[in-house]
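Two complexes come next, and they have one chain in common, subunit A, joined by subunit B in the first and subunit C in the second.
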Partner chain A sequence: MRKRIDSGHGLMLFELLIAIGFFAVFATIILRLFISAQQISLQSNNLSRAIMAAENAAECVKAGTEPAVFYNEDWVPSEQNESAYRLTLETVPEEGVSTTIITVKDKADTEIFSLTVKTLQEAGA
Partner chain B sequence: MNRRGIGIGSASLILIFSVLCLTVFSLLTLSMANREKELSEKLESSVENYYAADSAAVEIAAEFLANSKNGKIPSELNGAIISSNGECRFNYSCTIDDRRSIAVKFEIKDGKINILSWQETNIEEWLPNDNINVWKG
Partner chain C sequence: MKRKKTHIDTILVLILLCVFSASVLMTLLLGTHIYSSMSDSSRLTYNERTCMSYIAEKFRHNDVKDSVYVGEFDGLNALFLDTEEKGVVYCDIIYCYDGWIWELYCERGLDFLRTDGTKVIEAKSVSFRDLGSGLFYVEATDLDGKTSKLNICLRSGG
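Take a look at the complex of A and B:
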């Protein structure tokens, strides 16, 4: 009787060990899927926010006002020392038309989004 | 069986169930992230197309102004047809994509361009969906 109980416990422990092993293998694969999903989500969120920031800056350039240049981690306009993202505006004046290249970059100076805007230099309204 | 508490095979069952749940959740998360990415890329191309058309419209206006200063009134510039509706008022449109365009109305006064309207319009005719099957009692 004792022998049977012991063998049952042994079998259960063996099964548990195998289950934990399998779970570890599957969990590694699944965790990688979760991490890649999070990275994709983060990238697309940053791209959407960068597009909005660039659009905002483009409309400011067209209206002749100063756009927000520095943004914090949550894409809220901030001071330079708190910024995680920044906009660079490069203006090339040509005859009749002024071209502004707006580039949104992150802390590592990697370009997220770029937009070219042209404005009339001589407009009545 | 009762004396031992958990029987043989229950660990495997729990493993199968938990792995299945985690796999389904991870695949759902991944597909949602991919959809978000697609949406962002669509937004990117839409904004790029809009500002490309906007830039083309600005170039046309600048070129028209330069021509008008030389006494010329062109009827076509950079592929855009410029139509006049009298009193030195003109209009033209630049295509953004197959569904939208930028319609510009302007006038030339004292050698200066005065933009009257600069708006995004739909090229496609709006077809209201009036054939929804609703319960009429």
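Take a look at the complex of A and C:
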């Protein structure tokens, strides 16, 4: 018994196991943080791109031209079958003012960003 | 027998040490990879948004009828923004040359070279197009080759 307690290897093994245990606990927490940070970064990037796409569409609406509606994974205007993001434009006609609600959605139909544009209508238009 | 047990203990400790070291290394590498990808993404977004915001603000600031137009400056596609001060018309010229967006503020009609301007933001290329009806189209490519597009509709009608 006395010999076992004095054994340097047994103590080292025990110390290592404790160290690995602590490491495993903290590594789990840190990895979860890393992954959530990456997801937030991706969401932030997507939101930033969605805002730019919606602003571009708003400018086209103001100018009375057709905006790009479908965007691929890299937020480049694309065809409908290659699209990963799409814009929906809903126009609500009011007296003197035309309101257009531009919504940017992803493939899963989840709303990323929405923008309301009000355009003054010329008299008689 | 005792000697054999000591050997097994030593090997076990060494294996555990190796597993521990490998786990630490993997966590560090994963962390570095995630950090660098986030940092790259943030830098790209910053470059892109800063460049586009700067140009958009220039348009908005000079949103006066017939004072914004696209033309050629020293052989380069450029955006011209005219302003009148005390009867003299000055022109703010924005163009891209040698990996930078340059800006030159000068009296209209005077001849200047592309190198006379001031460097503003790094960019690979920028092109301006007047689409009519007061709508302008700007396409900028940053140094990483990423292209961003901007539509600007002037309230004044261009």
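By our rule, the second predicted complex is superposed on the first by the 116 of 125 C-alpha atoms of A that agree within 3 Å, B and C clash if a C-alpha of one lies under 4 Å from a C-alpha of the other, contacts with A are read in each partner's own complex, and residues count from 1 in each chain.
In this section, a contact is a pair of C-beta atoms (placed from the backbone, for glycine too) under 8 Å apart; a residue touches a chain by one contact, two chains touch by 3 or more.
None of the values given here were measured: they were computed from a predicted structure.
Of the two partner chains placed by the overlay, only subunit B lies in contact with A:Leu47; subunit C stays clear of it.
In the overlay built on the shared chain, the residue A:Ile30 is in contact with subunit B and with subunit C.
With both complexes superposed, B is the one of subunit B and subunit C in contact with more subunit A residues. Of the two partner chains, both subunit B and subunit C are touched by A:Gln38.
With both structures placed on the common chain, the touch criterion links A:Asn56 to subunit C but leaves subunit B unconnected. In the superposition on chain A, A:Met12 makes contact with both subunit B and subunit C. When the shared chain is aligned, subunit C comes close enough to touch A:Gly64, but subunit B does not. Applying the stated contact rule after C-alpha superposition, one finds that A:Leu115 touches subunit B and leaves subunit C untouched.
Residue contacts after overlaying the shared chain place A:Ile101 against neither subunit B nor subunit C.
Shared interface residues of subunit A (contacting subunit B in one complex, subunit C in the other): 9, 12, 16, 19, 23, 27, 30, 34, 37-38, 41, 44-45, 48. Only residues 5, 8-9, 11-12, 15-16, 19, 22-23, 26-27, 30, 33-34, 36-38, 40-41, 43-45, 47-48, 51, 54-55, 58, 95-97, 99, 113, 115-125 of subunit A touch subunit B when the two sit together in their complex.
For subunit A in complex with subunit C, the residues that touch the partner chain are 7, 9-10, 12-13, 16-17, 19-20, 23-24, 27, 30-31, 34-35, 37-38, 41-42, 44-45, 48, 52, 56-57, 59-60, 62-65, 67, 76-77.
Interface residues of subunit B, counted against subunit A in their complex, comprise 4, 6-9, 11-12, 14-15, 18-19, 22-23, 26-27, 29-30, 32-34, 36-37, 39-41, 43-44, 47-48, 51-52, 54-55, 58-59, 61-63, 65-66, 109, 112-116. Subunit C contributes residues 6, 9-10, 12-13, 16-17, 19-20, 23-24, 27, 30-31, 34, 37-38, 41-42, 45, 49, 52, 131, 133-135, 147-153 to its touches with subunit A in the complex.
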